[in-house]
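One structure, as structure tokens, below. Some questions next.
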């Protein structure tokens, strides 16, 4: 009675999003936190010109910091009452769990990023044109897919381990460094900050897409053995 | 099940003794050659002598991570999932992290003397730093606990993911730096006019540090094998303890 | 095929948290049996059930469940067994209905099967729309059992299923177990409720210090 991977993935994602809608951890805690981070950056940098210039990087840094909380949260739900064990005993395909949790994380991250970009426009006075918007949306989608895959992969690895709160950032930060670099450059192109043009941004998006594909495939292949005892 | 027998004369085996002796001889020569016999560089002066440590340790660190990757793949692919591969992977990563730390340290000191700065955001340096942090993370995953099999499974996957990750990091850093027109001081080794003795000493250094690497890894993986065996023996003891418990 | 034992452990050693919770268990369970597993705390009952489910690796000896060799492959047996452990595996912020729906979707049960399971465990009706975090221990357990029922497992592994239930709930559990056995399933129950479970079980096995103690 093994189920198709996509059906499991949909069920897992729907379940995660429903829990989120009900507990409102993202809306009530993570969003205010990331908003605070954006304000703190403004305090630290204290210059409208500099803020406008580095807005892209700040948005993505705030995304990464918030992502750690989201990843911990999404696996705390699974380990709290042994649901991950139950999923394993039930012989549910780990690929389905991986895709489902990645999808839910992807959507939560997207909501977060929309809010962060709006606050960048308001707080840091950046603006984006028509072609820039196309670049920005593509960049956000590719970068977020990569982050969701990597976050799920390493979140699953550290789920249930002692000291996971500190281990997760140590493992995740070096891995997501390419996302930070590429997404930041592409976003700067979209904002045309520092004299870069929109056209220069697409090379970075290509790297982001490659990153998402590599870790999506890597996660599909390895997630099962990472959550196994 | 692996059983490690402890040699009554010490912890070494004939192979490790040969490695050890070779490493001492080679590194002794590098010490003398590097500090005294080789000439100063025209531009860099005595600072060039850092090269005899910096280049070989960097080479060994990269070699170590390659060995970790290959050993992890062997563990995953192998039908028997022999824990020997896992121990070699772990031992190699440990040694690699130490050598990479030495590389970064000697490199930044050298940079301070020749470029006037400890750190430059050069693609090669940045990738190296990321490599260092990634393998520190790998070692943390090895320390997560669980059975040796679980450790092997997790860490081999993480090692292979690192192999995927490194080119991406490197490529994005190269792309990132290519936007900035940086000074061309970034390849110090290329700028040095090397005479025969310098080249010989450098190559001998690479050889010596590689043998040192082999020596350290073979000892370290033996210790790991003993630790695993100890765990197995402890399990035997605990099983018989429980059996006695049942007799009461 | 049908004469082969469902569970066949020979000198099996399993490690839990670095400790040999099973120190050489030799035990067979035949098809359609309801076996009561008894023994003091720490005797290895839970680890035995987890090992049967393929969760805990068997490091020595041999272990076969439903024809699968657990030493070689712990995964293929899983979708054929159902384990209810100390944890319920439920999502606290979802309702009973949402939990059972989730579990029936991931294991591929139909809506009719889900409805029947909820009715059988008496978690339908008003209870169905309550969140798990608002339920009593007994109600949570019944909900977890409903999730188990939709799995249609061939081997049921129940760890203290009576814990936290009132008399009525315990009777219901007994009924469920009997129904499952008469429908062809094999059941292993670990329980402290020895008197109750003895009426239910076809056989009692005692575990002491990680081994089977013969009670004949």
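The letters A, B and C name the chains in turn, as written, and every chain counts its residues from 1.
Everything that follows uses one rule, which is that contacts are C-beta pairs under 8 Å (C-beta built on N, C-alpha and C of every residue); 3 or more make two chains touch, one makes a residue touch a chain.
For clarity, every value in this text was computed on a predicted model and none was experimentally measured.
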| item | value |
| --- | --- |
| Chains touching both chain A and chain B | C |
| Chain centroid nearest the full-protein CA centroid | A |
| Chain pair with the higher count of C-beta pairs in contact (A-C, B-C) | A-C |
| Interchain centroid distance [CA atoms averaged], chain A/chain B, Å | 32 |
| Rounded Å distance between chain B and chain C, as computed from the means of their C-alpha atoms | 48 |
| For chain A paired with chain C, centre-to-centre distance based on mean C-alpha positions, whole Å | 38 |
| Multi-partner residues of chain C (at least 2 other chains) | 57 |
| Shared interface positions of chain A, touching two or more other chains | 229 |
| Residues of chain B whose C-beta touches two or more other chains | 147 |
| Contacting residues of chain B [partner chain A, same complex] | 130, 133-134, 136-137, 140-141, 144-147, 150, 153-154, 157-158, 160-161, 164-165, 168-169, 171-173, 175-176, 179 |
| Residue ranges of chain A in contact with chain C within the complex | 1-3, 7-8, 11-12, 15, 18-19, 22-23, 77, 80-83, 85-92, 96, 229 |
| Chain B-facing residues of chain A, complex | 153, 157-158, 161-162, 167, 170-171, 173-175, 177-178, 181-182, 185, 203-204, 207, 210-211, 214-215, 218, 222, 225-226, 228-229 |
| Complex interface listing, chain B residues touching chain C | 147, 149, 231, 235, 238-239, 242-243, 245-246 |
| Chain A contact footprint on chain C (complex, rising order) | 53-57, 75-76, 78-83, 85-94, 98, 102-103, 105-108, 147, 151-152 |
